Amino acid sequence: MNNNNTKLTIGIVLAVLLIIIGVSRGGAKPNNPTTDPIIIGGAFALTGDAAEWGEVSQNGAQIAIDEINERGGVNGRLLELRVEDTKSTAKDTVSAVTKLHSIDGAKVILPSWIDIYQGVANVIAKDTRAFIISPDSGIEAMNSESIHPRTFSLWHRTEVKADLAIQDMALRGVKKAFYIVEKDPYYEWVLRYTRASAAKHGIEIISEQPTDVEGIKSVVAKIPLIKPDAVFVGFYGEQSNYEFLTRYRTFVSSSDNLLLYGDELIAEMKHNPKFPKGIFDGIIYYETVSADDSFVQKYSARYNSVPQFGASTAYDAIYIAADVLRNNPENIDEYIRSKTFDTTTFGKITIDEIGGVSKSKFALKKVINDKSVEIQVGK
Amino acid sequence: MKLSTQYIKKHFGGVRAVNGISVDFMPGQITGVIGPNGSGKTTLMHLVTGVMPFDSGVVIIGDDTRLEKIDSADIRDLGITRTFQNVRVFEQMTVLDNILVVLTNRGLLDSLITKHQQYHEDKAQEVLELVGLWSKRDHLASSLSYGQRKLLEVARALATDATIYLFDEPFAGLFPEMIQTVSDVMVSLRNTGKTVILIEHNMFLIRKMSDMLYVFDAGELLAFGEPDYVLSLPGVREAYLGE
Amino acid sequence: MEYLYHILIIISIYSILALSLNLVVGYTGLPLFAHSAFYGVGAYTLALLAVQLNMSFWLAIILAALVTGCIAFLMSLLMSRFRDDLYFLVSAAINVVILHIFTNWQSLTRGPLGIPGIPRPDIFGISFSSNIMFLVLCLILLGLVYLGCRYITRSSFGRALLAIREDEGALRVFGYQTHRYKLLVCVISAMLAGIAGGLFASYITFIDPTSFTLIESTFIISIIILGGLASLRGSIAGAVALILLPEILRFVGFPTDVAAQMRQVVYGLLLVLFMMYRPSGLFGSYKL
């Protein structure tokens, strides 16, 4: 037994050494910096809890890369998207970003969900030629408290959205609002901005953040007891939204005159065939004002589905990255913050001091007979 | 050292496994305990060694120590050791480790700070040689035959240098040479003034080895006395021998 | 090379976790399912001390170990009433409770926002902020933990742990206050896990509750089962295998649109096949 174990140990150590040597020499760092493709890293959640977000970001990024390459690439070099799965965990997100940066030589990385999995910024912190643009991270959660160098996000600005919902509530005479949202950094920031805005309008905010389906069921049952004037719902997943809405329709009747609000995820959730007809009726939600429908058409034609979540922002992130690579500025942080970018998601934007989209615009919509109708604030 | 019980009881719901038994096990004697299956013999062993708590009664050790409850972790310090009816050696430890664990320091920090010493190994060798298992010292206990595992249990009990020894069916499944080994050990213990309690179904061995004999039936004491006398009692013959 | 250092750092941290858990599960036979909670307590303790009190890494990691040990002590007093399946369930429940404390005690832990800005160590002017230096630190601590575990398992205490695993009732008859042994081994194990947590916090420089869920406890148990129960070499081998294998699979060329999913499938299949042919793990001799 001992001899076998010793041989096994030696065998494993040799195998590990060989792997280490292979990994160190592996990857496809460009040998010719003037003609080899420029590697763009996509650290997307392709498996695990956040998988539906990662796939659509990958698709959106790929459309942009193919378009740029059809027009000759950047400075004569084609772009190549290398994707690594973050498995929706912190440890694997850092692994994915590290591998893309150090083995694949990616100077631009699009990582998903990094407001939850901070720590990735350290990977590129010391490389002044590398930068991160996330298609779906809440930049307040990522960058408000300490600004990470060359770390940006194109996700919709939390402060603007939170304020818009409160403005509408205030105009409709809401005095007490019950926020039922996910428990994660992004929604923590939603609540922070909501409370700040609500304080100015004299609205009391009560919040509950259930962590599972059973929690959602319990919280919905509290609505008649709390007697709010408005309920705001914010969940990522199909199951959570389904559980909430079906329970909500059971516990709350139309005669209660209760206003129901949601966030931008409602726009995509509405198209999900799992939800019964009419379940979204009456819900008021905010949506980004898209510059044009061309991206939706391109995406639908290629992937046979409507783009969701970070698809368009990933598309925009690639174009911004291409701009930076083309111009090769000395200081990437200053360059990006000084420019105006034309995006498909928001139209013309600038990047603000914390690395998010400055002054992103939102429209308010209401679902009436299963159709989304744009409404004026408070009307 | 004498081991006695006074009106010791253990009921399992409606089943009176041990029903008010009072017995004395004397030093310098091998006291046999016999009875049909389910008569309470092993249960009594569990009660006096703290493996099972008793409902009422007293266990008396020596002249002074009266115990209304016993924790199994305390019996060693009371000078008691035992073997089990169903062999309970430490299967995935070596034969030597099975003995060393009984010999080495049991204090928490002591055991952490010290490894076993040479005298521990010497003592282990002594008891293992006595039962013929020294050559198997580096083998896992699980690799031993059933009979060898029984011998290992005996060696483990011997290693404690106790004053009271309880053997629960030690001869079951043993080859004749092993039976001789174990019976020699018991006789030797008896001759050095130890208290030896022997539960056994083998009438030949019981008659040969016991100085005194208890007969149990249905949780109660049926008879007590010298083996020849007890085994001739009609009640005993009917209850236990089926005559 | 940064990627390689990263992998080796993660392997070192998980090796410490596996070594510490193996003391309890492999050597003592206690089905403990709370190791990510100890890991998390260590991480949060170091993070809070380093960020809020500006404490040096070395003092903070010692305190992280002590705090984790105290919590393990209290937990073990509660769990000592249970055995086998119930012990497993109670430990899992405690794991969940501790996770909820991380998430909901927001005034202390900042809840889901986590604790950012955890500094890398610095001692006597030597900075461990680079990955290579941090790796050196991890390897030193791993070496110390390994030697400590080796000492424990070769001592009389370690022998008693094995006997508890085999037959606690029989061991008690020979004078062992086995509940004290179980208590102490849990405390030692938790303290080592707390050290791993402190290392993790300092390496990633940010922690939040999502790193310390039951899934993490499952992963650590998988490491010791794959590596071999009651085997120190196995603990490290298991960590190497389970951390390295998915990273190796990143280099295997699957079609892009299914690459991530295929890698998970292959990973799972390899584990299943391995356990079918070597159920006692890479270096284990003890079978469940």
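We call the chains A, B and C, going by the order they appear; numbering starts again at 1 in every chain.
One rule holds in what follows: a contact is a pair of C-beta atoms (placed from the backbone, for glycine too) under 8 Å apart; a residue touches a chain by one contact, two chains touch by 3 or more.
Just so you know, these numbers come straight off a predicted model, no measurement behind them.
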Identity of the chain that, by mean CA position, is farthest from chain B: A
Chain ID, smallest distance between chain and overall C-alpha centroids: C
CA centroid of chain A to CA centroid of chain B, Å: 70
Chain centre separation (chain B, chain C; CA means) in Å: 42
Whole-Å gap separating chain A and chain C, where each centre is the average of the chain's CA atoms: 31
Chain B, residues touching no fewer than two other chains: none
Residue numbers of chain C (touch at least two other chains): 285
Chain A, residues touching no fewer than two other chains: none
Complex contacts: residues of chain C adjacent to chain B: 152, 154-157, 159-160, 162-163, 165-167, 169-178, 180-181, 184, 285-286
Sites on chain B touched by chain C in the complex: 49-51, 71-77, 81-82, 84, 88-93, 97, 100-102, 104-106, 108, 110-116, 156, 160
In the complex, chain A residues that touch chain C: 1, 5, 8-9, 12, 16, 19-20, 22-24, 26, 46-47, 83-85, 87, 89-92, 94-95, 98-99, 101-103, 116-119, 122-123, 141, 145-146, 183-185, 187-188, 211
Sites on chain C touched by chain A in the complex: 1-4, 6-7, 10, 103, 111-114, 116-117, 204-206, 208, 210-211, 233, 237, 240, 244, 246-248, 250-251, 256, 259-261, 263-264, 282-283, 285
